[in-house]
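Structures follow.
Next, two complexes with chain A in common: one pairs it with chain B, the other with chain C.
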Partner chain A sequence: MDNLLLPIVIPGAVGLLVLFLPARMRALHLLLGIGGALATFGAGALLIDTRGAVSWPWMDLGGLQLDFALKMDAFSSWAVAFTGLMAVLTAAYGAGWFRGKGGAPGRYYAWLLLATAGACGVLLADNLLLLVLFWELVTLMLFLLAATGREEGAPGAAKAFGVLGLGDMALLVGVVLIGLDRTWSISELAASPLIADQASYVLMYVLLLVAAMAKAGAMPLHSWIPTMATGTHASVMAFLPGAVDKILGIYLLARISLDWFVPGDGLRLAVMTIGALTILGAVFMAMIQHDLRRLLSFHAVSQVGYMLLGIGTGTIIGVVGGLFHMLNNAIYKACLFLGAGSIERETGTMDLGRLGGLVRVMPLTFGAMFVAALAISGIPPLNGFASKWLIYEACVAAEMPLFLIAALFGSALTLASFVKVLHSVFWGPKPTEMDGVREGGGGIGMPLAMVTLAGLCILLGVFAAWPLDNYIGPAVGLEAGGAVTGAATLEGNPAAWSDVDGTEPVDRPYPLGTLEPLLLTGLLAVGVLVLLLLAHAGQMRMRRVRPVFVGGQPFDRDENRFPGTEFYRTVQDLPAVGPALRLGASGQLDPYEAAQRAGTPAVRVLRRLHSGLVRDYLFWCLLGIAVVIAVLIGS
Partner chain B sequence: MMMYALAAVLLGVGLYGLLVKRHLLKKVLGLLIVEHAVNLFLIQLGYIDGGIAPIRTAGEEAAAFVGNAVDPLPQVLVLTSIVIGLGLAMLMVALTLRIYQRYGSLDADRMSELKG
Partner chain C sequence: MVDIIPLFVLIPLGAAFVCLLAKKKLPAAAPTVSLASALALLAMAVACHVEGASGASIAGAWSLELHGGVAFIPGIALVLDGLSAIFLLLVALVSSVVIVFGLRYMDSYDGRPLYYALLNLLIAGMNGAVLAGDLFNLYVFIEIASIASYALVAFGTGGHEIEAAFKYLMLGAVASASILIGVGILYASTGLLNMADIGAMVAAGNVSEGALLAAAALFLGGLGLKAAMMPFHAWLPDAHPSAPAPISAMLSGLLIKTLGIYALVRILYVVIGMDGPLGGSLQTILLVLGCVSMLGGVLLGLGQTDFKRLLAYHSISQMGFVLVALGANTWLGVAAGLFHAVNHALFKGALFLSAGSIERITGTRDLSKMGGLAKVAPMTAVGTAGAALSIAGVPPFNGFWSKLLILIALFQAGLPVVAAAAAITAVLTLVCFTKVQRKALFGKLPDRLATAKDVPLSMSMPVLLLALLCLLGGLMWPLGLDDVIGDAAAAVRTDAETNDAPASYRKLVHDLGRKP
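Up next is the complex of A and B:
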């Protein structure tokens, strides 16, 4: 029994135990669910400084070597601990969600813990086939979680399973190609990465890239996230597509781009282009959404673009920024999804046109969502700013002004669409149907999870140097306070991505560009203080309230509202953007829908063959046997 | 050779019943006939013309015994198959009974709920 097994075995065993407990032991389900998640987080946190590898031979499948090999390095260590933390918060939130409701907490916690086990397995796996197995486990649990408890979750779950299944297939094929060509051990692969200059290596890289993109949700393989969002528990959205799937997808992307392969300029440019297009395309789609969960899910797609862009630059600052953004995105996106879940639980709707004026009645939800919305928009001094700043600098270092513009513009549009969210949900006059809404129906678990995440948004923003120096920097082989070299590698790997801004050490006051979060926070605090003092000294009235004059008529709250759904409607009429958005909204660009259209005629033929009569099936069986006999006799 | 032909004919009769007849009991009978055709065929495989029973007496020479005795393996197999066949027949009849209670009919062509 090795310590490295703990983050996999604890959630796996507790998850299975919860699955087989009788359904009426609800309290025990909750206890085991939260306890198992806490134990996983504890194991991850205790092991965060452990480095090492263990391996047990498992089976040799005729050339496919499957060993149970685990390895903890500077990258997987904090990723495992963070996955555990997200599981704890989701479990705590789920306790509130299920309070006073029907539904099956047992299934929810079982799938949640098994998904955590699978995610930790992916992060720790040191054998390519083992990685695929754990990767599949997470996909399966995503499907089960999405379909648990709600009828309307089924189509989204099916679509997610279809798109992720395509990605998983690409992963399996890519991994088997690598294994047959070189080695099944990830450590050995990282010791001598494949130079992606031949067509066969480029093919392997692209296959793995497809898997990473499908998992993380980059365009055009993102379409499962918005569809799934419309019918799934908010906490499921927060945990899997919001946090863990991002971690896994970007983990794989970072591994293949820095550790397993040495991609050429063309591939890097392709990754960056996909990233930039994802940022802009998804944020435009988000702006015109009317459903809160769907809007958030497009942002979940859009933020992936930053990670792709950062890792795609190949500079150390870009990779660090991309990985830090992965962490930050998981935090604020989970916070936003959980907030949306609280709003839905109390109001029963996600329609931005019907919500409004909830700031007074749901202050904790508002506070958490406000901080997270500012963080996702890249407002200093929050964590989203810190990681986006690194990515901006990476674009400058890589001399890619177009990508810099895309990233900055994407941030601005993100802020714009969150102004819409905050206005429609929290500000403005309250419609009468929202009158009975109160916060806190779910007990302490739901606000606790949200406020913790919002607090992390602030802490990781103000003290951004701490995770960068201690965890994310070492993951790319950067010593704390050390000098920067141009080429980024994982674990100080000697021959990874070609340098972009020169391999010579660059002398900078701070190892990661010009970001100095503490100084920035101090300056901002001083600025705000000065402003407040000025306002106080000048007797400035910050807020004036006057009754609205509507031509002498009695004021009707419901009629005289300005719901945020009308914001940015004009975006759809812009010359180039409008048609693209309509095309996207109609599903023309969705590979899943395209496959559906292509597959329908084939399915129709097959359906006609299904007569439902015993004798027809018997006939097919006999025909098959006859063919087999004919082949056997012939050979 | 005649016995092989008999097995083939029985197989044909059974398949005809299975494929063509619409009455479920006739299908059951057809399947039982197929089963016995296969049993007969297997027995034939191990049979030696004029062979002795595969029981070796003390002092009998091994080579001579193997040359004369029929192969016991198909016999054991078929014995098992007959017993399993009995259970199968019971199961099929019981299911047929349930189908009749559910549909009020034994016409296999009217049970097409798996269509499409």
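Up next is the complex of A and C:
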């Protein structure tokens, strides 16, 4: 069972080794970085069918019990392997990013691998405190990746550490409360989950929920992601806020909602409401962004809403949909961020107003981002559609039409937003400043990572039944064929996986609603084929080529462009939405800045009290002694 | 081991005199003698721990007998138990590192032999205070250390240094007066000075409650001022930043703990008794003032851009953590508080030293005028970042563990509101030190610093060493760190429901009295 150590020890050891290698050995850094990530993925993949637990005692002090205890179950197994895969792709991409540029890859790979080790540790931990330790290691590595990467990254890194620090502290306090009240062992906790019906248990649940929300980036604790996005490497954004932080946050949310607690209806409704608000609020914010990385970061926030919504329903179909969406989101969101990184590397800008017409010069980037954009918008037959469909069905089954509308509307707005992105970056006339742009300056690593991710978007969409049956379903106790074991806390959804009286299983390929991805893909393929044939037949003889001119003048590519940045400006004039967006854009709704505004007067008062006069200070001392005497006499 | 106890005071005292005597003829002797003395103290402190680890416990007592025969006639009783031992080790460790750092840092100051003499006097005073077995000698040693520190704060002899030292002296005089009056009140009502004997009388109920109450209030005020507990803290934000960097590290890292926290723990637990009639209200006072110090200190720290002043406010805040942990009045609380005091000495020592290095590199203490130092001063930057992460409570650094233990102790003692205040303070501390790292170490290097160079190794290594100790302190749990801290706490508060640690302290001292 010591094998369970591998996904933690391999990246941890290689990461430390890379950290202490001399800075000149760049090739070795790259080799070790990619090799370490590959080895981690390999270990995760080999262990995917392993089940078991292992434990070493570490510390037992005054009620605190910290064991180095690991456990691999049906949930953590695929999450670990998937984290390893994301590390491999990010590492490969990074090799391209650093090619021909200055900057030390050593630290990048060291922090990346240590973050991977931390993430695998969180997913494997079987002791609450151990989970906190790994959890905070990931936070620290996020800070270091952002702070040491680029000069502009420092402010975003600090804010991210601040907001995540709040979440981490909530996690720590919540875990301490659980540990002192019940047990420090996660297995024991899962064996008898806490019924969240009294105030103290609700408090613990809420504390852990805050931690999960901060990590995953649900509103209103999302604000670190957009700030960080403006100054941080795209590959860092792709790996941590885009993929791994989502996995960890949603992993924790799923654990507390399914295994550790039995949340009441009120808590579930709260989680769903936060989810729905996150979907809509963030997608509106995304629509009015001008900076590609920042725009993508708001979509990263928006997608978390779907996961919260799905898990919040508390039905099997919803939870499975939420977890599948977490996986899918990591794939397409990483692909989008990596694509943005390639564009920035070649063009030097992320301003949607300056980009344009790159479809011919960056075809691989376009292809990958196009697929990912369709996936994030929930277009069939891609993976984003499959998971969103499960969530829609969960909303229907839970009889929550408002949430269904929010989810559908959010998808539509996401599509609208990506139409803007695709238009602004790839389509339309190419501005003259983009003339020298070529793809492939970073070697094979960058397109390889993007195309792999885009391929996964298609595969996981068309063959969605495979991960659902083999990995995600079992994670919530759902076995292939429809039998439900474990997951006692989940409400079954009779409409979805059995007939009306809830006894007989229906014969579906898998018991998760009406989704038939293969059939759907076939029908779509036929439809598209017919459409193409019709279009081809109709346009065959109408094609003509003439130079374009406008108003009798030759067409000026720079004068006559209409960049997509203006597409949805009118959103800001809508009633209710407009003012909310302005509040959001000015930072009024950001808890980090709100706390700063609230704290400043207190600090000012305290500073004014410190007059620098010995007279005043002596008075305080005497007053203090007098108060102490009064308290002592009073007792 | 008992025989070497007086050496902890005599060696630095002797070194101080040598530094002064050799001032004219052989100025180079001062740093050598000081370093040798500090290293000797370190070796002795380590030896005490090794001895203690192999024997039953770290214990011993020694008394200078002027009249022969019966002990405790005018004499100096020095008592070494687990609590004293850990502070002796801390003083020796941090002062050695600080002396190494000062070898080059003090180049820009005149009168260096005087600096070394005062530094040694400071060490002698702190060691004496930690070992003193009777109240009057405790007071005398506190005064020795305090007077040395007043002079050291003014060592730069600039306008604001003198002003800061003057304020510190004025408030310090109030503290000394109230401690002395407190000692007097107890002496008047018991006829005794030995802490163990007074503790025995108090425990037996033979001391009037009024006297005890007045003494407790005066000790809390006086020692609270030494420990920079709010509202007795006002001298610290001026005094600590004004001193030369090595002295700032000594004052913030050691002085407020040996004179403040140690003396407070010893007197409250052994003499006045936290389980006695006053125990409940003493606990309340510690908790309330601790919370005020934690939150007030961190808020003031957040508003600062002067690096050293920011650090000074955080010292107040971190001492608040120690006070609330002591206020929990459980073994785990005392252990967590002591552990945090030890950790604070390490990381705050490192931070004040690195503030000195950074001031030397950039020529400023203003955080808003710095940036990108990780590029030009990598060694200093790594040390600073490690210490900053440690005070911010990020695992696996030691600060995380002590804050975690404090939280657990507070929850176990049924004090969730105080625990919440501690958690909020910890988050604010993290935010503040993230700001420090962002402004000083990362981000854009200002043009005027493009050619700046890192400080010499003798200044960067001490910071790195302390940061490394912060990291090791967090990772050393399997190596018995919990035993060391646990023993120190058990010297004043045992794990049991009723606290029998003061009784064993009395037994330790009385065994000394019967020694042939």
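The rule is short, and it goes like this: the second predicted complex is superposed on the first by the 557 of 635 C-alpha atoms of A that agree within 3 Å, B and C clash if a C-alpha of one lies under 4 Å from a C-alpha of the other, contacts with A are read in each partner's own complex, and residues count from 1 in each chain.
By definition in this document, contacts are C-beta pairs under 8 Å (C-beta built on N, C-alpha and C of every residue); 3 or more make two chains touch, one makes a residue touch a chain.
As the structure is a prediction and not an experimental result, all values here were calculated from the model.
> Just chain B (first), just chain C (second), both, or neither: which does A:A594 touch?
Neither partner.
> Should A:V614 be classified as contacting the first partner (chain B), the second (chain C), both, or neither?
After superposition on chain A, A:V614 lies in contact with both partners, chain B and chain C.
> Please indicate which partner A:L523 is in contact with in the superposed arrangement: first for chain B, second for chain C, both, or neither.
It touches nothing on chain B or chain C.
> On the A-aligned overlay, A:A191 touches which partner chain: chain B = first, chain C = second, or both, or neither?
neither
> Now for A:M169: first (chain B), second (chain C), both, or neither, which partner does it touch?
A:M169 sits against chain C, while chain B stays out of touch.
> Residues of chain A touched by chain B versus by chain C: which partner has the larger set?
Counted on chain A, the partner with more touching residues turns out to be C.
> Across the two complexes, what residues of chain A are contacted by chain B and by chain C?
The answer is residues 607, 610, 612, 614, 618, 622 of chain A.
> Would you mind writing out the residues of chain A in touch with chain C in their complex?
58-59, 61-64, 129, 132-133, 136-137, 139-140, 143, 147-148, 151, 153-155, 157-158, 161-162, 165-166, 169, 172-173, 176-177, 180, 599-600, 602-604, 606-607, 610, 612, 614, 616-618, 620-625, 628-629, 631-635
> Residues of chain A touching chain B in their complex?
These residues of chain A touch chain B: 607, 610-615, 618-619, 622.
> Show me the residue ranges of chain C that touch chain A in the complex, using the header's touch definition.
166-167, 170-171, 174-175, 178, 213-214, 216-218, 220-221, 224-225, 231-232, 234-235, 237-238, 277-278, 280-282, 284-285, 289, 296, 299-300, 302-303, 330-332, 335, 372, 374, 389, 392, 394-396, 400, 404-405, 407-409, 411-412, 419-420, 423, 426-427, 430-431, 434-435, 437-438, 441-445, 477-478, 482, 486, 495
> Tell me, which parts of chain B touch chain A in their complex?
15, 18-20, 27, 108-109, 111-116
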